Structure formats: C-alpha cells, structure tokens
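Labels run A, B, C and D following the written order; every chain starts at residue 1.
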C-alpha cells in the first residue's frame, strides 16, 4: 500500500480520536468514535489484516456505536467536558 | 483419564455455568445443587491433580493436541497444581457458606449469579494453570468481567465503584497485553517456556542489555500492579469489595489479588527467570519502595476504619505489599516467602471474610454493633480469632511462617525499610484485631436491633439474659468456616513440607 | 542528524500508536463523564490492537489466505496470521467490556440522575 | 487535575517512544515474529487442517482454546448485562401501555392489567416517546434483513476460504435483528427472538464449542483435538479438523448473535425490554 495514504489514514485516526474525546455532545462523540473505528479498520486492511478489519467494521464501527447511541439515548446527551 | 486432569478441573465449571443458565428456565430449584456439584467436581479433580503432580512431577497438557509453541499448553507444576486446589477449594467454601445470602441478595437473578460465580472461578483457575501468555490475558478478562458484574449489586455506591473497577481493571489488562506485545515483537513467541528460552538468548547478561525487553518487563509489571491494587494503583480495590453484597466480596477479595500475585511470581519464575527479572536495579528499588509504602498505607488506613469489612479491605492492600515486596527482594528466602504467603494469605483472607459475612449478618458490620460477639456467635468469633492471630503472625498459624521467610529475606537483602514495615504492620494488625476482640469479649451487647430481630420492641423493655447460642449461624455456614480456620493451623504445621515439595521444586536450584 | 531522521522515518508509526494510546489514557484520567471514559478505554484498547496488527504486517505480503498461484513454500508471501488472531480475540473482549460498562452507566444514571463522576460523588457526600 | 493528567500522559508517551528503538521497522520480513512461530501456521494450515484461511485455522484449531474463552467472554458479557440491568417485573407495580388507533391516530393509555389484544387489527401498541415513523425507511430496512442474514450465513460457512467466520457472521446476524429494532420497535425483535430463546441459544452456542472439545476426550484425543473425530466421521485427520472448525464456528456464531441481541435489547430499553429506541 502506498505510504502516503497510510500516513493520511493514521492522521485521520488521530484526528477522530481527539475529536471524539473533545466533542461536548455525547451523541456526536459516539458517532465520531464509530468513525474512528472505521478509519482504524481501513488502516488494518492496508496492513493485510482482512479478518481483523472485517470484525472491527462489524463490531467496533457497527454494534459498539449502536450500543453507545442507545446508552446516550437512555441517559443524557449533554456533558461539560 | 489421569492425563486429562488439568482440563477436567476447569470443564465442570464451564458446563456448570451453561447448565445453570439454561436451568433458569428448566430446573430452577435444582440450580444451587447443580452449581455446587460443578464446584465440587472441579475441586475433586484439582485435588487429584495436585496429588498426582506432587508425587509424579510436572505434567504439560497440550490443548488441541498441538505441541507448544504452536498450540496452547497447560503447565501443571507443583506450584500451579497446589494453587489450583486452593482456588477451587476457596470457591467451594465461599459458595457453600453463602447459600442463604445469595438467595436474599439477588432475588430472581440467582441463576445468573451462579453462572457468573462459576465462570469467575473458572477464569481464576485458568489463570493459575495456563502456560500461554496470551491465553492468560483472555482468562484475566473472563475472571475480571464476571467480577465487575457480581460486585455491582450492593449498597448505593456499589455501581459506581464497580464501574471504576471496570475502567482500572481493563486498563491493567490492556497494559499487560501491551507488555506481551513488546515481548512478542522481540521474540515471536507466546508460550511461557519458549519465551523464557528466547529471552535468555536475546539478553544473556540480564534485561539491561535490551531496552525493549526491559520496557516489556516494566509494562507487564505496571499492568499486574494495577490489577492487584499495589499502593499508587489501589484506589479501585476498597470500594467494590466493601460496598458489594457479601458473597461476591467473599469470592473476589481472597482470589483476585492473590491470583495476580501468583501471575507476578509466574512471570518471574517461568517467563523472565529470576536472574533476568531482578537484573534492573531501578525497577527493584522502585518496586520495593512501593511495596513498603503499600504496607504502611494499608495498615494505617485500616486503623481509621469503623466497619469490619472496610478494615479487611485495607489489610488486603497491605498484604499485596508483602507479596510484591518479597518477590523483589532478590533472594531465595524472599521469593519463598512470597509464594508461601500467596497460599497463606488466601486462607487467612478467606477465613476473615467468611467470618465477617457471618458477623454482618448476625449483628451488623460496624464495630459498635459487635459488642458481646463471643457470647452471641462463639464459633464465628473463634474462627475470627484464628484468622486474626494468623494475620498478626502468631507461631502455630501459617501467617507466622510467611512473615518469617519474608523477614529473613529482607534482612539478607539488607532492605531494612521493608523489614521495618513488615514488623510495624504486624503490630498494627495486633492493635486492629485485639480492638475487635476487646469489643467482642467485653463490650456490652448492643440492643438486639439486629437483622434477625428488628421487630424487637419488647426486647427493649425487658432485656433478658441472652441464651448461649442465640445468634449463631446455622451449621451449613459454620462448617466451611471451621474447615478454613482449621486449615490455617494445618498449613502452619505443614510449612516444611509445602516449602520442600512446592516452593523448592519450582525455584531454579542455583538461586541465591 | 540524518540518522536520527532515518530512525524517525522507520519508527514513526510506533510513535503514532503511542500517541493514540495516550489520547485514550488522557480521556480515562482527565474526563469526568463516564461515557467519555468508556470512549477513552476504547481508544486505548484499539491503539494496542493497532500495535499488534502492525507486528504482523510484511512488506509485499498478501492477505493470510492461500493464493494457489503463490503456494506456501515461502512464508514471507503472506502476512503473519498470529497477531491477527490475537486481535480478533481482543476486539471481542473490548466490545464485551463496553457492553458491561454501558449497563453499569445506565444503572448509575437511574440511581443518581447524572453520569458526571464529580457530580455523583458530590451528591453521595452530601447525603 | 487536567493539566497534571496531560503532563503525566505526555511523559508516559515520551517514555514509550523511547522504548521503540529496538523494534523492527514496519513490514520487516526478517523480524522475530515473522520467523519464529508463524511459518508453522502458514505452511501447516492446508496439509493439517484443510483450511486455506490461516486466520480461521489458527483461531479455531491451533489456538482454539483462546477462542473458546473468548466466546465465554461474550456469553459472560450477556449474562453480566442481564444480571446488572434487567429489571424483572414484580407483581403490584402498575405500568401504563399506550395504544394507537390506526385509522384515527387517537392514543389510548391503559393501566397495566388491562391491555388490548396484540392481534387487534385497529390498535397498535406504541412506545411512550413514539413519533410518527417514515414508512419508506421501515419498509426498506425490513427488506434488507433477509439479505443480511443470507450474507451472514455465507460468512459463517465460507470462513475456511475467505475472510470471515463465526464472530463476523454472528455479528451480522445480530445486526439484522438490531436493524429491525431500530426501524420498527423492540417488541418486534422480542417476538422474533425472545429473551428466553436468546439466553438458551447463547448457552447452547458455548456448549457446542466446549462440548466439541470435551467429546474429543471420549475418542482418545486431548481437549479440542478435532483430529480425534477422524474415525467417527470416517475421514482423514485433516478433513476431521476442518469439520471441527466448522462446528465450533457455528457455536460461536450462535452465541455472538444471541448475546449481542440481548445486550442491545437491555441497553436500549433500560433493562425493561419493553420500549426500545
């Protein structure tokens, strides 16, 4: 895989990680965390780890995000940090 | 069939857990019996395994028929076989002793509790016997995840402290995983025996020759310390154990910290080998310092507590300091003391927590409620005296011998601060327990507003002389407690045998 | 100096994994919101998985499924399957932990009406 | 506090970065992990287990014991959520059910013992926070469900030859149920896969895995040694291992599906399994 793309994906992963812990809206944070997982999954495809990427796409970006959104929906959306 | 014993010790727990889960819908009344049967089968298998290993020597079991390092292996050496028997025995005693409490603490959900309990025990037993570093991580998670769930039910703060435990525990397990990643990237193997050989090749003169291996050791230590609650990482430990319902605390408190200390010893003996593990003076000094601090911190915080279970939690913290400190004294006596203390402390903690749950049920957990304890609950109080004396370190009990080894190790190593902390902590323990004994023996019985007699309006007005066995628990709860208390003495009397057959058998012969 | 740059170029991905790990750790230590802590834990665990998966990568290697045109004579033609298997396990463990954490958080919200840790502690102290 | 945490974290990061000096560079073919154990998997997978996908053979056979405990962890997560969150209804608590009259849109609130028959043609039960739903979204989502499930079964069954296997297939199966829950309501999911069925299926899945392992003892193999079934199936050892892998993958998929649906149901309804998202 081309190195520049890999670097770009790493940067995106870091940006998503920072964004998901700084966003003050928990629903937004949960969705950005899903994006983070999906970026991570792309990075793993670039490292030839297709099984792991498949699992991460299904579990990390799919089910985890749904569970987290359900929890936000049943608790509260606002936070002060 | 004897070759299959290592797996037969764990399989009953797994199948028992699945059976009680299904049993919630199929044979609800028999669930308690099924769960105890699974625990008893597992205990039998592990005792048979321990006898076999102690007479015939180490056995290695290839799971799936694949030889290591390709497959996963179970290593039953004298240390792990005896520890396995102790863990399953402790779980069986806790389970038998707290039948009534499980049924009242978790109404409608007791089948789920049985399943979680059995899987927690299976996880701890797997940690003890596995010979594969990554399998250890998965088993740590099995043990921890069930622990988070069963500790969550209890008084109002139980949920929050259990969640805190979940965060810290997952962090610790992740750090262990990271440390294993360091080892894997340097060696390419995950099997403990294989790892040990490759590490000896890569860093013949000790870990200081390789930054990555030294870092691996540091990260693994950090993860294990977080999991076992050594001093600066202790904040998660007192909360869940003191706020949760009694059966969960009596299971988790004796097992978790001891099994993690066992993993530490296993890492020193089987993965890094003692020479390499002790080859970094900076880590040794730091860890000894932390252990000393943990002993002092635990002891002094225990002095400030007003309730029995909280006090025991802080004693637990100082005991972690004993085990970690002994493992890093850098000599044979210290490591012997640590290994012996893992067994001794498991028994002592189990005895005290079982007694404490009886006391809490009979009179209430605060010291002020415990007046007249010796008259009201003589058997429980006697067991508590035995546990307390062992914790202080009075000779016929096993607590004395572990302290003896640790002290001699500390003096050989010239680490007088650690030796001083050990002695001081014994003194503090004496103060703590004699204070309880004093309240229990000379204190006046509080009004009988105990859980068993809350409607005692009449008792207020006509205080009658208390009958002898008035509040004592039924025999089903006392029998396991008595067995554990008796084993404190038995373990103390058999110290020589244990050290000769178990500890000397696993320590490398050339260890100074 | 050029050696230092070359060293950095060879190792930059390790540095970025540690950076992601530390972002997660920071969230777990400094954030008071319990869900944010969950997200921090997730980030920390994923960074460790990334570290493992990168161990298994090989330059010019294909995915770890037999390609009949290549055969298995040369192991360097396939990525290392072992770290991938380990991380499959770790991913599943992390979602299990997340599920339990969310269940606990909901119960905490039911009991205390908030999921900010400092507010809950204040209320408990107030009682 | 935050500054201190930031400082500590940066310090730890620098310490970690300092330890990276001895690591092999990314993609090194001659690093220790590439040379030591993994070639045995790459070269042994096809002749020993008849499985071209190394990840599947390592996951379910060479290191099948890890995977068994991993499945146990999933099962444990489901039981933990049930134990922590499930609000089991006791008698004597009154609840309100809401029913919507379809032709007019009038909503009835009824106290618990009384309820409209679930088969009523003109009333439908709705959530307390019900909002009008878009028919297009609902219909399309329900239309997708069978395709997702067929793909999930393909992923499970084809795990030997392509990326995928029990976990991924199980997650996809769970996702199909969750899609129903998101687009329709939780009661439809509950009627498709009741809590009792889900818990029994989760236990059965792990039992299939552990039972496959334990049964091997009867045929003279070690725990999880699928090769011991060769005489039973009447095939060669590698083929027996391949079949064993398939059986345990099915168990894994069953557990993962049932557990994830259970967790979703509990988390989205605050433990009552009455009203979802």
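To be clear about the criterion, contacts are C-beta pairs under 8 Å (C-beta built on N, C-alpha and C of every residue); 3 or more make two chains touch, one makes a residue touch a chain.
Worth saying up front: this structure is predicted, and the values here are computed from it rather than measured.
More C-beta pairs in contact connect the chains of B-D than those of the other pair, out of B-C and B-D. Taking each chain's centre as the average of its CA atoms, chain B and chain C sit 29 Å apart. Separating the CA-averaged centres of chain B and chain D is a span of 32 Å. Chain centres here are Cα averages; for chain A and chain D they lie 19 Å apart.
Rounded to whole angstrom, the centroid-to-centroid distance between chain A and chain B, based on C-alpha atoms, equals 38 Å. Residues of chain D in contact with at least two other chains: 16, 20-21, 23, 31, 33-34, 37-38, 41, 53, 55, 63, 66, 70, 73, 76-77, 80, 84, 163, 167, 263, 267, 270. Residues of chain A found to touch two or more other chains are 50-51, 55, 59, 63, 67, 70-71, 74. Looking at chain C, residues 13, 19, 21, 25-26, 30, 54-58, 61, 63-65, 82-84, 86, 88-89, 92-93, 95-97, 99-100, 102, 104-107 sit in touch with two or more other chains.
Contact annotation for chain pairs lists A-C, A-D, B-C, B-D, C-D, with touch applied as defined. Chain B meets chain D in the complex at residues 4, 7, 11, 14-15, 18, 21-22, 24-25, 61-66, 69-72, 106, 108-109, 112-113, 115-116, 119, 122, 126, 132, 134-135, 138-139, 141-142, 145-146, 148-150, 152-153, 182, 184-190, 198, 210-212, 214-215. If you check the complex, the residues on chain A that touch chain C are 10, 13-14, 17-18, 20-21, 26, 29-30, 33, 36-37, 40, 43-44, 47-52, 55-56, 59-60, 63-64, 67-68, 70-72, 74-76, 79-81. Across the complex, chain C meets chain A through its residues 13, 16, 19-20, 23-24, 26-27, 30-33, 35-36, 38-40, 42-43, 46, 49-50, 53-54, 56-58, 61-65, 79, 83-84, 87-88, 91-92, 94-95, 98-99, 102, 105-106, 109, 114-116.
By the touch criterion given at the top, residues 21, 25, 28, 34, 37, 41, 44-45, 48, 51-52, 55, 82-83, 86, 89-90, 93, 96-97, 100-101, 104-105, 107-108, 111-112, 117, 120, 124 of chain C touch chain B in their complex.
Chain A contributes residues 50-51, 54-55, 58-59, 62-63, 66-67, 69-71, 73-74 to its touches with chain D in the complex.
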